[in-house]
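Paired with subunit B in one complex and with subunit C in the other, subunit A is shared by the two complexes that follow.
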Partner chain A sequence: MNRLENTKIGFLRNNPVLGLSLGLTTALAVTFSMTSAVGIGVLTFVLILAAALLGGLVKMVAPKEALLPVNIILVAFLAKIGELLVLAYAPGLATSVGIFLPLLAVNSIILYATGAFHAEESMGQIFADAVKAGAAYLAALICVSFIRELLGTGGISLQNPLSGNEIFSFSLIPSEFTLSLFTQPAGALLVLALVAALFAAFGKQDVEMGGK
Partner chain B sequence: MKNTKSLLVLLITVLLTGGILLFADSQLRPIIDAAGSSEDQAVLETLFAGETAFTPVEFTDETGLIKKVYEAGESGYAYIIENQGFSDVITFALGLDNEGNITGYEIINLNDTPGYGSQVGEDAFKETIVGKTSTDAFATISGSTVSSGAVVEGLNAAKAHYNETMGIVDDGTSVPETPAEPVEQPLTFGSKITLYREVSESKAGVITDTVEEGDLVTYTVEVAGYAKQEGYGDTPNVISITLNKATETIEKVEVLEANDTPNLGTKIEHPDFAAQFEGMSYADQAAEADAISAATVSSESVVNAILAAIEESK
Partner chain C sequence: MENLFPILLGTIIINNLALTKLVSIGQLANFGDNEDQTLCIGLSAAVIMAISNILSYVAFTFVLEPLNVTVLNLLVYILIVLLTTMAVTGYIRSKKPEMYGAVGKVLPLLAVNSAILYLILDVINQGMDFLPMLITSIGAPIGLLLAFILYGAVRERLAIADTPKPFRGLPILLIYAALALMALSGLNGII
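Our next item is the complex of A and B:
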């Protein structure tokens, strides 16, 4: 079996963040609140789709050896465009995630989505993979951020990153019982591990088997 | 040959993406700048009454405390200033009109200790800033030196920038006015003190003055407080107690002098503490008072003084 089969993306098992640790830095950093997690998750999703599209086009003209460097440039380019758009239209999101917005340029999941590692696959296949990866990434971010925000602040307050208007919010845990640890990096690792374990447990029956 | 093609593709990609980025940046930059200022818009509008147009200005600031400078239409300049406070960064906005008068001071971010550092966000402190000019000095608040010091540092940075821009000479001779008074903290009461109880001779009150007006008798009592009991000082606390002999109630208690630990024992001077005795019946053998938490001994000394007065009146 091909060693690269290990990178087959699944939703529960081999979830890009929770199983394969792709784009982990961003996932840890932005999940302190659901608003920023959803914002960055959606942005990453869009970037992944764009990367898959551009990656597929590049593959038609570029020789195999040039794929990786060209795709790295494409990812940086897309991330920069994404950063500019967020700065212009969702400044609140840009302030809350800070440095992790430009750091999308080195997000491995976007590079993965360009198909640089699957030179033999057709464009359609790459695109389908990218959609799955993006959706799985977004889902993982939402799960982790939901738990972190709930435990860390006692409730959830989801805002529209574009307008800053509240979409919904509720408060469940009285403020005396919240653990601010969960809004901090240490809490991020704990919750991520927990969610990863849950996903792995539920993912046992997943037909999408990666690896050996 | 293959290598040449790879390089060519790479080169074309770099040029193409770079070009698109340059174009996108030039198109989006005005929107980004506007978005940045709209974030501050609400607070900026409170600095200048009726002013809505704020344009970001390029500036240099050696202290690094000034984050943004805005030209507020024709009205003056607005500053967004950030400095490390006691537990978190303090961010505030400052408005200066064209004559150098401070038109507004608004806190944007403040997470310092409630009751202490938080005072820099309260009206009492705000009033010491608004209305001053760019050559005035500012006082810190005692009890919240770090937080107010951080704010004053930021104010000075803004003043320096403003004076340089407007060509105003600050000779540095201005002295700060009397420091803003610390805001009186609400008292927290701890244990109960019963009025009638054994009091050793060294702790008992000594009547130094008696004034009778009909049923009302006012005693001035000297009583050993925490400082005297523990040998830290020789000066007793002085309490004035007015009793109503006819109804056997305490009419009024006033702490004339509190010589115990500043900010702890001296809390007995707080009007809320003395107020609890007013109207208390001393005919009731189980009468009791609330001690101020962390100032139990000093509170007891007041009760001892009252007891001495009651015994004297019988």
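Our next item is the complex of A and C:
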């Protein structure tokens, strides 16, 4: 995590989840269907914006050594609010994601957005970084979930997480030829690895050897 | 007594949190530059996991539930994990200053290790009794330590491997994780 201090977030190069492994747990667990990926992605985006705002305010009063612990508690507080909102307004999403909804409290991308790793930067800079990171995270989640749902179930069926109405759906692969592996955890790791390699190839990213 | 051994074996290998439940991979893939550092971080994570799981169970059963304030659960668990992490970090700083110089920056981040919070939430969701919870708090940290050592070894081997350029770094480790997960799923049903 040391290298986060002088890395700029981008979409292809240094994508927060595919290049820097921020918030990997959520990205792996919720991408089994596009509906849950979009739902949790948007929720994470909103939490990131709130975290960036509150993190900037906390920075004005908290001493530099206590910045990380204070921000961790702040993220837990935001995640609890997010969990309660989802339970109230999108119970279907909460059931399909299960335990990974409260686990947003330890999502490192929200912690990154609070500015805990950039003690010197100004509030505006942190907010701009956070918006970029959140958008790149949402884009990566949508890419991964699209491939997983297409290969795993043969088609895409995107629903509105709030009302449950279908937004659009299509079916491409006949059901005899689908690979259910891709909706399971091992498929999540494989697809995320392939998408990360694809992004790295297009972004001409120079990753250090050995995954450091 | 005979049903406690399967819990221990299951949490160490078959239902190993970090290897089968998709949690904590970001930290496993990044923390520690060599064997000693990985071992130090893994041991710290295991100790934090064991202590905070027992404390969170006690806090939930004897404080949150009787007072009917379970809505505060996440804040209380995170606070417990954070305080345990600070205690372990302080212990390493005083006993092994040279090791603290190398891993001191990443140790506080173990407080946001998702495997630790996953275990706490899972144990309480299942409504476990005290003894199975105690066995789980022994087995799961050993499993986490095992995962840290495995990933550390794989990263050292990959550092000298001729990986295709786009796959260098995180992607090849994720493929390793997928293979490990598929291999472990072959053990399902033993217990």
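As a working rule, the second predicted complex is superposed on the first by the 197 of 212 C-alpha atoms of A that agree within 3 Å, B and C clash if a C-alpha of one lies under 4 Å from a C-alpha of the other, contacts with A are read in each partner's own complex, and residues count from 1 in each chain.
Operating definition for what follows: contacts are C-beta pairs under 8 Å (C-beta built on N, C-alpha and C of every residue); 3 or more make two chains touch, one makes a residue touch a chain.
A quick note: this is a predicted structure, and the numbers were derived from the prediction, not measured.
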**Message:** Quick check for you: in the superposed arrangement, does A:T95 touch first (subunit B), second (subunit C), both or neither?
**Reply:** first
**Request:** Once the structures are superposed on A, label A:F77 by its partner contacts, choosing first (subunit B), second (subunit C), both or neither.
**Result:** both
**Request:** Applying the touch criterion given at the start, work out whether A:P69 contacts subunit B, subunit C, both or neither, answering first, second, both or neither.
**Result:** both
**Asked** Which one hits more subunit A residues, subunit B or subunit C?
**Response** C
**Message:** Quick check on the superposed pair: does A:A201 touch subunit B, subunit C, both, or neither? Answer first, second, both or neither.
**Reply:** second
**Item:** First, second, both or neither for A:L190, with subunit B first and subunit C second
**Value:** second
**Request:** Examine A:E166 and indicate which partner it touches, taking first as subunit B and second as subunit C; both and neither are also allowed.
**Result:** neither
**Request:** Could you tell me if A:S108 is touching subunit B, subunit C, both of them or neither one (first, second, both, neither)?
**Result:** second
**Message:** Under the stated touch criterion, which partner chain does A:A29 make contact with: subunit B (first), subunit C (second), both, or neither?
**Reply:** second
**Complete:** In subunit A, both subunit B and subunit C touch residues 69, 73, 76-77, 80, 84
**Asked** Can you list the subunit A residues touching subunit B in their complex?
**Response** 58, 61-63, 65-66, 69-70, 73-74, 76-77, 80-81, 84-85, 87-89, 91-92, 95
**Request:** State the interface residues of subunit A toward subunit C in the complex, per the touch definition above.
**Result:** 1-2, 18-19, 21-25, 28-29, 68-69, 72-73, 75-77, 79-80, 83-84, 99, 102-103, 105-108, 111, 185-190, 192-194, 196-198, 200-201, 207-212
**Prompt:** Which of the residues in subunit C end up touching subunit A in this complex?
**Reply:** 20-26, 29-31, 33, 71, 73-75, 78-79, 82, 86, 105-106, 108-109, 111-114, 116-118, 121-122, 125, 155-156, 158-159, 163-175, 177-178, 181-182, 185
**Request:** Provide the residue numbers of subunit B that touch subunit A in the complex, in ascending order.
**Result:** 2-3, 5-7, 9-10, 13-14, 17, 20-21, 24-25, 28, 31-32, 35-36, 38-39
